[in-house]
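The two complexes that follow have chain A in common; it is paired with chain B in the first and with chain C in the second.
Right, the complex of A and B next:
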């Protein structure tokens, strides 16, 4: 099938107007040796995956339903690590699926796109409030690419230095993305304990300190104290806070109040389905107007009519961007994650300040309850005394960890992540995640699973 | 006065609350108070009753325009119809509610999605003449950057990175091309197109290659003028001869998909915009998906997870365990990939070829019908798009005026002032899903603007007049940025400044 609306008469008429006899004549400036004519078309189908003839809609529906059925939707999920199981209000899907939003593109024609532009403007305002920062952009791809962009931005601001210090445990997938994307820049990356940051600044080569809080192990760091220590020692160093669980913003001291220069992170927790890891939503906000002009991505501003008094919204500060500055631009981003930004904005206001605090409080208290219960099981120990948000690490033997996974699978539960997958030194370390979706009964259930595994 | 969502606040009347189920023995949070938000650090999020949220966003949607509303001929953006079945299928819980790391516990738990991803890579390979794909890049420009990293790492592997540190980009390229090359720390050499043909000037190319320091070329074909680079085989031969690699920007693949393979043109690396050629919704600027494919000799440099199939069982190998790193978290924009997968299965090769032919027919038809209304500087065969100009418009009516007046007439404007090569460029890409009646409607709209420009130019120069706002002051927006609802009041009473900036848009 296809989605072409032309009748045979339309096609004949249009071919006549364009002066061609058969449609393939339209490709007459392609060298004949690389033009694939109708008779030879099937020869390009070497993998056996793209059908020669397409499926009808009913066939497609049953094919995809069969594939979806081969993926397990768990009754309960205790796994996070950068992608979180949260409740998504019905209004998010209902409103974000409006075709005027979903099937539009970047609002280049401001006067015809006031609706989307205002929604972006409001999102920027919401992110500014949640992060305690002044200026937010209109989205980046995900938390990992946002972190990459933040380091690029810091490097352009703090010149002639080449070391980036990471405090707190960085999500290993973020670290891989940073190392891959920034390889041509010859930067040195150092991962240290949060308490060791100050000592790293001695050589004067550090351009930025990235504080992950809550970090990959769920630990909440004293960001304000780190900022103070860094700025006292070397005020030129920029402090970047990286957050993978955006719901933490509802409870924890805001990055702005802690004094960080750039905050980046992943906002998938705000109304975006897990979707096997993407699309997600990178966010970025800054405090200093000097950094505003280095922000990557779209930015929407309010203005007035040229010859009138009404207020309207438009993409602005475009002189930063690739379509104007080309190779001198600080970022190449064009399409970003607009629709997920819209979903996040709707989600944030659907919960409201009250609902966000409630979801965050429920997540943390249930996580802490689970952590305390697991700590009482022989053979399990809580890895750290530091405060945690809704994720935490419990250590056991690799053999017990395997038993936990198996038992979870049998109970239709997606269990904690065995961190040995990322680092052999982390084998037997289980990263648990709890959200407002995990009921008390399911939490007691996983405690029982772990107890049994420990006794086996 | 604008009413924002913040104006609808009703404290305590928030839409969503959660079932409370605290443990019997109350558990205190172990987070010290000093690390929590306090009164001086408010969230800045309003509580809004659900009905007001619905009405707010419904009214915003009414002040927006998508393909579902009408023709959207934005050049180089391929605004084709987004089939609704793809939305319904991507939203199945078996796709939407699965965790990206659940396969690490038990690969049986995600065989369906691994099959989709595996087949997607192979289908794209068939359609581009490449040997392997990564699906990880999140958008076209992200794919370009990934491609540049591959070139960089290839040169490093061969000990040539110090010597070969430049990338050639023609002046007709998308602005993302030079920006992506620069992000990978290449120096960008821009070569001018041949003014008379609009194609790459081979003499300029030879000169740029002569010093031997070129790592590669980034090219889109058909180019942004909508023209096929007729010397493409010679271009890629020359670049290869000098030791460089050839990168195909797939932004314009809709003009050739299934009819001519980038691999056959001599390209080594390709990115594909699934949100263009393969119909996934543009979403107001994403999420997109920009898979990158390579020829066999570059396979080991592809970032992202690798999906392998053996006897009908699919396994995923994380990049840490063998690939060449990763350019985002997890496995790519899977929700977008799913929609494109549905589209490709629904069309098959036959439907894809028919769509390409129809896209090119539509563009050539529009060009023929519009040639006496707007100037069309390159008269030769166009592919999926073509570029006109405001040069022959009377009374000082310029491209921006034309675009704004088209909005009044109920259609979306084309891309304007891009490519820079054409003065006052009007870049039109109708796509294959617009009917002859819709194309004729666009032609009529252009003719009306032309007639008005002759008889009553002020109507065009003051456009738009039927939107919720008249033409906006871009200078004011950039000079004193108001980026937060809290600061909206500062705009009240401030006088609008004269000035009418023109910005390049793509």
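Right, the complex of A and C next:
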């Protein structure tokens, strides 16, 4: 089977054979009011077509190198906001690129997929251990869609309620995903300060409280206290913790220890490059066996063979998934993000508890060093009432913020994220992220950039 | 297929044991046979709530399928069988002992419209 797109000749031939006159006819079941207009549609439908004249391998490599050369590669990165720059040990690429893993298909046939099934089982065990929960699935596509699925799970357990409360600052891109995916459910979403959560439960209409910690501003919340306050007020409400920087699990109190019901988040920090924002890795774990039966996506279980004592692995609890449960399924996902999941598992094991803790500690220490130094610059203010992990917000004037960004670009540094792009109320606020990859020299460098910008 | 004479039935393969207005229900031998190994049962309405005849009162999962179980009569849900959460396989091994729910019937007409053993046997023979 070729992994290459059709040529124009292939398309013409197929259209002739099937009696299709124009490509748009293939989409005649789509309501016309949501179709893109003809000319634009035709362009999109044929944009993947191969040129009639192919390329030789050296020509192709040169062509691709030229395309890749158009990318700007930053020397250092001080931006997080859901995608993090961490060190990936060489062993991750080496093992993940093995043919058995790199192009393997879904392990439906247990008898010929024990290797991959075991890898998935190990990943699930690692996530369960890191989150302090009992059951993990085989991964989801990314943190945002994992959060969507968690809310759907919660709604299936807490019937006749339609409000979801968000404590802490939610990543606006996650909020967009949640609002879009859940639009048909007519849910009300309320974002509040962590201290205001309890008051929100007065109406009796809250089905879940989503606690983002560390949140979009890098703030670490007292999750256990929030869980306690929620459960004391209304034990029916489910608490979901959403984590975008998975490395925080190596250093902070685990979600399981805090008593959350469902933990979801983004595990890109474990062995997955930032790429261009994806592909990523969603994780999800629960503690209650009842919720295990509501988990979306794939789950691998360990079992014993029928005539013997050997342990074997297999996909299990498959009646949850939509190819069996159909319209009653809680998610359309009957898959996982296997290759990235494998990378994450290799990464976690390669670093081990010690290595993960070291990476996390370095990230936090360097972030706090940068935070302290920026706080001394006139014109920059850093909020200090809340503890932060490896991200924090610095407030300055919109003009200075722009100068900082410009200067960073000139120095090939991907600077902090200007939060004004999400919300005019956040104009002049810059979200910095520091990890073990940021050298002390580069940190001092960005301090110099900010100092200069402040004085301009 | 076992179809005990003293019980009543529905076209959707539930059995009902009527004692005055208390109706105990479960799934038939035919149903458990079609489902194969049952591994889980869930999604009950709250005990004490009102249920309507034909409403989904439980969801049964086997290794290959998911199936709705319907309330045989309208009334108040008095009890659900907690043993099924630890021994769902009893639905296969003893379908007429492993009851699923007890309903305090408020619509006597619903009881009259249940099928006899003979009518149910005929319907599954088709």
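Here is the rule we use: the second predicted complex is superposed on the first by the 403 of 456 C-alpha atoms of A that agree within 3 Å, B and C clash if a C-alpha of one lies under 4 Å from a C-alpha of the other, contacts with A are read in each partner's own complex, and residues count from 1 in each chain.
Rule of thumb we're sticking to: contacts are C-beta pairs under 8 Å (C-beta built on N, C-alpha and C of every residue); 3 or more make two chains touch, one makes a residue touch a chain.
It should be emphasised that the depicted structure is a prediction, and the values quoted were computed from it without experimental measurement.
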Applying the document's definition of touch, where does A:432 land relative to chain B and chain C: first, second, both, or neither?
neither
Which of the two partners, first being chain B and second being chain C, lies in contact with A:3: first, second, both, or neither?
first
Per the contact definition in the header, classify A:368: touching chain B only (first), chain C only (second), both, or neither.
first
Between chain B (first) and chain C (second), which does A:414 come into contact with in this model arrangement: first, second, both, or neither?
first
In the superposed arrangement, which partner chain does A:325 touch: chain B (first), chain C (second), both, or neither?
both
Report the partner of chain A that touches more of its residues: chain B or chain C.
B
Taking the superposition as given, does A:78 touch the first partner, chain B, the second, chain C, both, or neither?
neither
Looking at the overlay, what does A:283 touch: chain B (first), chain C (second), both, or neither?
neither
After superposition on chain A, the chain A residues reached by both chain B and chain C are 317-319, 324-326, 328
Under the definition above, what is the set of chain C residues touching chain A in their complex?
39-40, 42, 59, 61-66
Given the complex, residues on chain A that touch chain C span 290, 293, 317-319, 324-326, 328
